[in-house]
Amino acid sequence: MLRDITIGQYYRADSLLHRLDPRVKLFGTLVYVITLFLHKSPVNYVMSLIFLITVIAISKVPVSYIIKGLRAIAVILIFSVLINMLFIEEGKVVIDIGWIQITDEGLETAFYLGTRLIMLVLGTSLLTFTTTPNQLTDGLEKSLGFLNKIKVPVHVMAMIMSIALRFIPVLTEELDKIMKAQTARGIDFESGGLLKRVRSMVPIVVPLFIAAVRRANDLAMAMESRCYHGGEGRTKLRPLVYGKRDLAAYAVLIIFTIWMIYLSFYSPWR
Amino acid sequence: MSIRLENVSYKYDENTKEKSYALKNIKLEIKKGEFVGIVGHTGSGKSTLIQHLNGLLKPSGGKVFYNERDIFETGFPLRELRGKVGVCFQYPEYQLFEVTVLDDVCFGPMNFGKTRQEAEEISRRALLDVGIEESIFHKSPFELSGGQRRRAAIAGILAMEPEYFVLDEPTAGLDPAGRDQILNLLKELHEKKGIAIILVSHSMEDVAACADRVVVMSHGKILYDGDKREVFSHEKELKEVGLSVPFYRSLAGDLRERGFMIREDVLTLEETKDAIMDILRKKRNNA
Amino acid sequence: MPILNIKNLIHKYMTYDDSEKNQEIRAIDDVSFSVEKGEFIAILGRNGSGKSSLAKHINGLLLPTEGAVYVKGMDTRNQEEILQIRQSAGIVFQNPDNQIVGAVVDEDVAFGPENMGRPTEDIWRRVTKALEDVGMTAYKEASPNRLSGGQKQRIAIAGIMAMEPECIILDEPTAMLDPQGRQHVLSLVKELNQEKNITILMVTHHMEEVLLADRVIVMQEGKIAADGTPKEIFSQVEKLKKIGLEVPPAAELAYELRKEGIPLKDQIITKEELVEELCRFV
């Protein structure tokens, strides 16, 4: 079940998007998210949508695979759309079923919110689909390098993140094993009140936690033995170097941003 | 009184094709009081197989019977079955979680409705059975040595008082002394308490030394199932699927090829020594 | 100059139990030996005999309480040379999952050279070569999570090989592997020793693995209990049993037969040797 979640995973393919420098992709994601929330005019939406569809097409990640990522947020999505639909009372009532009254403004807000959320998830998940965890952390480390000056340990944070990503599948498997073992010992997850159910998690959580600590300890030793001594003087197998296509991508992104700002604040269609 | 698998198949992923069968048409019956060794390499399906014995996995095809009752029919007390068929997975010490060793062993019996007092009594006995002394009962599991932790975890299953005790590689990672302790324990549980033991192992030596019956698995199917001496007589076929026969069996084969006509079905040190001595004595008497 | 030189090494640590009695434990108790370049040494001992602590000392992961450890003449207590020591004598651990840092195979193998600050082209050369050495080139872009235990362990060895060490220490590298995985790792280790002249120190409690070595050091309660060739060591059946160690089955059977008065020659440790010897009697 845990394996079904595609969001946040890397999808191996050979596309322009995969080959772009992670810093460009991080910048692109940032621009996309900001412009998505700039203004709610239909023109903006159409522009963001065109941007998203183009990028998905370039990425060579199957659309069905990307859509699967939505499953993870389905509950949140439906919930927030319903809340908006039901509780916004301004505007003209368009649907009236007894105590449920839905207004045109409610519908509009719910529609914008829903599409915004979907586009947000699809767009950002494209970043992780096309960028390996290591590239991602490298990109973050380099992009945020300026924070080093104010004593933020950027390298350490990036390393922590990449190790966390590396160990998620390992610990998922561990969790699966522990659950099976405790089920074989007759653990009862189903019956009893809330307190009893929470307590039935202890035999799962404690061994998982201990396993994580044990692995962390081993890994720290293995890293040290392979000459790890922090970020200082460290070189890279795949250093981040901007190529022509990265610069071109930056140019496209900047033009897109300016265009979106123009559309939102200065254009006649805003 | 038995656990019986009838044409059990298991697919990893319901949606995928032929290739992903972990088990294919398994027919296997294990009777009360038996000592069965299951061998095969990683991916042969033996770990998947044992998870069917206590209903942790549901077969994609076929049925599992416990005392002739289908364990997946509605109303079958599946959780109770897990008390009757104890399964001890690989590296069981990693599932210890309580503050003291004794508390941890009590976890199983209390899940099956025993009072704290009853559970403690059973657990004490189980711990003594696996060779853990009173003085350690109230220590934290994490203060114990690797071998002790393993035995404490085994006691945790034993305290559920199972009729069938399934162990997946219980000696993995232990040193020879630790391994012998576990194997002797299994023999004792089988002989003195009449518990049926199902031992999954990579080690042909371990299986040959303990089990009466051997099941050989390969690619999700049962290749051989029978008396250990009969099964280990298929040296050539076992080698073809990448498995070996116990050292002494293989030695006897080599000796016979060289004209040293020792009996072929030896499996242990004692048997081999006696067989060799028989021949040498006869030679001496004839000379 | 010996590649490793261990002089009167003592490693102490304290344990605390409920009764507040602090106990001083000597995990390693006055151990001395040296290793020449190109040797293949097996360190044999029960769990808790101090053999794993010894391995960690050679890599400078533990530091001596007393005595000293020299790798190529460098003292592990000298913090300035510690990186040099770790490149020269790399260590492979038991659990294959817990020593892989990278999310992609080649990125993991590159971890050591990256830490050493090698230029990018040199890292690529090392990674390519190390993966070739362990026979895992085909998996260079795979995710380590999809590999078998034996394959993961070969990646871990490649990670060390990429630092171009002279010596590799392996701390029970096969304990968590199945027989196939174990076989692959062992033949790789043997090959690195014979073809690349890498000095090998392998900690183990499997006697079949010990037979690959040129020299065996037996540890018991923190001390060296025996040091010699596998033949010399394994013919001392009684002594090994007393320590709680396994004896190769051929050696054990030969020992039992000798006790019955059969005049078998000394130092039989393999099946072939035993068959050969027994056939003299028919």
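So that you can tell them apart, the chains are marked A, B and C in the order they are listed, and the count of residues begins at 1 in each.
Going forward, a residue touches a chain if its C-beta (ideal position, glycine included) is under 8 Å from a C-beta of that chain, and two chains touch if they have at least 3 such contacts.
Just so we're on the same page, UniProt names per chain: A = Energy-coupling factor transporter transmembrane protein EcfT; B = Energy-coupling factor transporter ATP-binding protein EcfA2; C = Energy-coupling factor transporter ATP-binding protein EcfA1.
None of these values were measured; they are calculated from a predicted model.
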Computed over C-alpha atoms, the centroid farthest from that of chain B is that of chain A
Have a look at A-B versus A-C and report the one with more C-beta pairs in contact. A-C
Separation of the C-alpha centres, chain B versus chain C, in whole Å, is 30
Per the C-alpha centroid definition, the whole-Å distance linking chain A and chain B comes out as 45
Per the touch rule, the chain B residues reaching chain A in their complex are 51, 54, 56, 79, 82-83, 86-89, 92, 94-97, 107-108, 111-112, 142, 156-157, 160
Can you list the residues on chain A that touch chain B in the complex? 177-178, 180-188, 202-203, 206-207, 210-211
Sort out for me which residues of chain C touch chain B in the complex. 17-18, 46-48, 94, 148-149, 175-176, 178-181, 205, 244-246, 249-250, 252-253, 256-257, 260, 262, 271-272, 274-275, 278-279, 281-282
Chain C touches which residues of chain B in the complex? 41-42, 139, 143, 145-147, 172-178, 202, 205, 242, 244, 247-248, 250-251, 254-255, 258-260, 269, 272-273, 276-277, 279-280, 283
Going by the contact rule set out above, which residues of chain C touch chain A in the complex? 56, 59, 61, 83, 86-87, 90-91, 93, 95, 97-104, 106-107, 110-120, 123-124, 127, 141, 144-145, 159-160, 163
